[in-house]
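Heads up, the next two complexes both have chain A, just with different partners, chain B and then chain C.
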Partner chain A sequence: MSNKYYYSLELLRKSTSNDEDFLQLMIKTFIETNRKSIDELKVAIENNNFKLIGEICHKMQSSYKHLNVSFVIPILEELAQYIYSDGNMEEATSYFNIIDDVSTHIFSELNTYIKQN
Partner chain B sequence: MSSDSEIIKAINRILVVDDDTYNLLLASKILDKWKVKADYCKNGFEAVQNLTEHIYDFIILDLQMPEANGIFVAQYLQNNQTLNKHTPILLCTNVKIDDDYRDFLKGYAIFYYLFKPFNEEKLLASIKNVFKHK
Partner chain C sequence: MNHILVIDDDTYICTLLEKYLKKNGFSVEVAYTAKVGLAQIKKQQPNLILCDFRLPDADGKEMLKSIKEIDSRIQVIFITGYSDVRVAVQLIKSGAYEYVTKPIFPEEILNLINSALKVKSSGDNKSDSSKAQQVHISEEKFSNRFVSGVSTKFLDVMKHVSLVAPTELAVLIQGETGVGKEYLARAIHEQSNRSNMPFVAVDCGAIPKDIANSELFGHIKGAFTNAIANKDGFFEQANGGTIFLDEIGNLSYEIQVKLLRAIQEKVITKVGDSRTIKVDVRVVAATNEELQNAIADNSFREDLYHRLNEFSLRMPPLRERPEDVIEFAHFFLKMGNKELNRNVKAFHPEVIKKFETYAWPGNLRELKNVVKRSCLLCSGDKITIDLLPEEIIKYDATEATLDTDNNGLKSAIVTAEKDAIMDALEKSKFNKSKAADLLNVDRKTLYNKMRLYNIEA
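Moving on, here comes the complex of A and B:
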């Protein structure tokens, strides 16, 4: 199942050796950990904490890359640079909205996938 | 020792250290498939505890973790006589490693890398690289 504009389960499916139960566990973990990260990212932005913004986005990268979330990966890579130097809070806010919107859509589709399988 | 299955069979025990549940689960899937014994920790403190209790063939180590990060673990191994003082570290990271950073990491006896997101093929290739230099 995939939506070419948002994500793909192809790599994850391959990594789980087509074990459907494990695939679903990985999907649930993806949703849970990144929902939490997005909440933490929102707070980090509200607190103008560039380093923490960078650390959270750095952490989110590997699972988003695994699901090939093409809209969000470059944004996470850019915000991850905030670990090393102060960024731009307006930019961070704008990027956060994209991360949040796209992720909400993906989480919803993935939850539907889990219910159907 | 050249075949993939021979290499996998030669592995006794691995330590996997990552604060991200998603990455730990992924590693566990691959290592379970390989029937390789592994211990999993979410931070450097837990890792150090395991490193004093068991001998590992190598350590898959995340760099950025809260509280005690990958460098903390590498530094601990360098500074203490432990069962794993010479155990190779496979640094698991998203970060691009340029020459300066590579030199910095060599100072902590980190010579091998595994880039996220990893899969079975990438992990095996990194392990082969470790065994080639052992």
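Moving on, here comes the complex of A and C:
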């Protein structure tokens, strides 16, 4: 069974040329920008704004792919399609709960990494 | 020090690129919207722009146009999601240098930036404004730059090339963006009686409209403010040989008139001069659009169309010739190994199978980018399926076929939307603002739907 909370810093390490300061900057940026996006996503769902849901998820994809957050990536791709046509609000809410749960867990682990390094 | 502007509404990407590029010796500025980005360009012109394809206040097409209006020499590289590959390839024809797909790999972007800036500096050094991106005159051997296909469809086209090449007939080549139309044009030139004379290839989509006249036909000193010396245009440079006019549908009406005269009467006049100059140039033109539609809405002259279309060739898209995909993939792998200093030897059979069945909306250019990126990411000697973009891994050729044949509700909705959009576009003579009004949607929604359904207008 795949680990729901799986992510990897391998690609990010390569992209930051193994510079620890650069790596930590990117980890902090990942946490900050996506915390904000998740808050915006919650509001977009409350307002039944499909297009905005799609746009936010489209934007989140880049950084989640960079950290290979494999459980959430397909969900973001699915919701990103809401840019083109109305989706299903029940589905969006369920998906949001997963994104929020997984992301909160990962943010916590990443913060621990920063403190320890 | 080269100056780069990154325009992206994603803070994560901006931070990553800014820091990475600064570490690699560039001066970097960042903008999160098109409006701010364009204001920054006017304040301090960058050498190169990395631009997200979908900004909150503009799309790639609008951005490229605005950037080129400020300074046509600025190199632009687009960052796109994979769903926009087809449009991104078209933007290259309109003057963008290249595109990269997400997730971004800074090393890949750095390679692209360095080669884009090399092209820019070779263009800046020329005394005339012929830029390496717009035009190239054949110096390098044809066989070193191009590889030919092996499929029956490709070979059939080449048979027609052999028939028409030794004649003086003007040829119009049709085909999707990135399909290899320039290859055909070069093959025509190489097999003609003009093969020892110049071959000049011009991207009509990449020439700014205000200088197109001078670029194609030349100018005399003093003809306009910046005309500090006489200049020969592309037609004179191609004299005795062949001129290849790619994206011919982009030429303005005024230029079309002069082009018609060049073909019919074999004379041109430079901007600012009344004297005529004799030119003996064979014209090969190419388009990725139906010029008949452009004729119908009076944006392309019918008499010019018939002059260009003395002989017609169609290059089929890659998806219609899977054997060629593998042939080209190996060629691009060799190229990738050389450019990136790698030693990748082969493709895993699973990858070959995927390549043969994928739709390749961006044709050869997309294939080249995919192979190069895979080569960059490959740590072994074989390209495996995990190195391909997700969209290609997940692509299901059977589903794609079923989607078009499906009689279900989803298919019915898609068909109805497509028909409504086409109907509105025809009624409004392809004026997208009016079409959007007719459909009771905003322009952005219409653009998105057109992208989704691959409707080109």
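Here is the rule we go by: the second predicted complex is superposed on the first by the 112 of 117 C-alpha atoms of A that agree within 3 Å, B and C clash if a C-alpha of one lies under 4 Å from a C-alpha of the other, contacts with A are read in each partner's own complex, and residues count from 1 in each chain.
The rule is short, and it goes like this: a contact is a pair of C-beta atoms (placed from the backbone, for glycine too) under 8 Å apart; a residue touches a chain by one contact, two chains touch by 3 or more.
Here the structure is a predicted model, which means the values were calculated and not measured.
Aligning the shared chain A places chain B and chain C in steric conflict. Legend: residue contacts after superposition of the two complexes on their common chain; A:66 is shown touching both chain B and chain C. Of the two partner chains, chain C is the only one that A:84 touches; chain B does not reach it.
Once the two complexes are laid over each other on the shared chain, residue contacts for A:105 go to neither chain B nor chain C. By the touch criterion stated above, A:58 is placed in contact with chain B and with chain C alike. When the shared chain is aligned, chain B and chain C each come close enough to touch A:22. In the superposition on chain A, A:11 makes contact with both chain B and chain C. In the superposed pair of complexes, A:42 makes contact with neither chain B nor chain C.
In the superposition on the C-alpha atoms of chain A, the part of chain A touched by chain B in one complex and by chain C in the other spans residues 11, 14-17, 19, 22, 25-26, 29-30, 32-33, 58-59, 61-63, 65-66. The part of chain C that touches chain A in the complex is made up of residues 9-13, 15-16, 19-20, 23, 54, 81, 102-107, 390, 448-449, 452.
If you check the complex, the residues on chain B that touch chain A are 19-23, 25-26, 29-30, 33, 64, 66, 94-95, 116-117, 119-120. Across the complex, chain B is touched by residues 11, 14-17, 19, 22, 25-26, 29-30, 32-33, 55, 58-59, 61-63, 65-66, 80 of chain A. Residues 11, 14-17, 19, 22, 25-26, 29-30, 32-34, 58-59, 61-63, 65-66, 77, 83-84 of chain A are the ones that touch chain C when the two sit in their complex.
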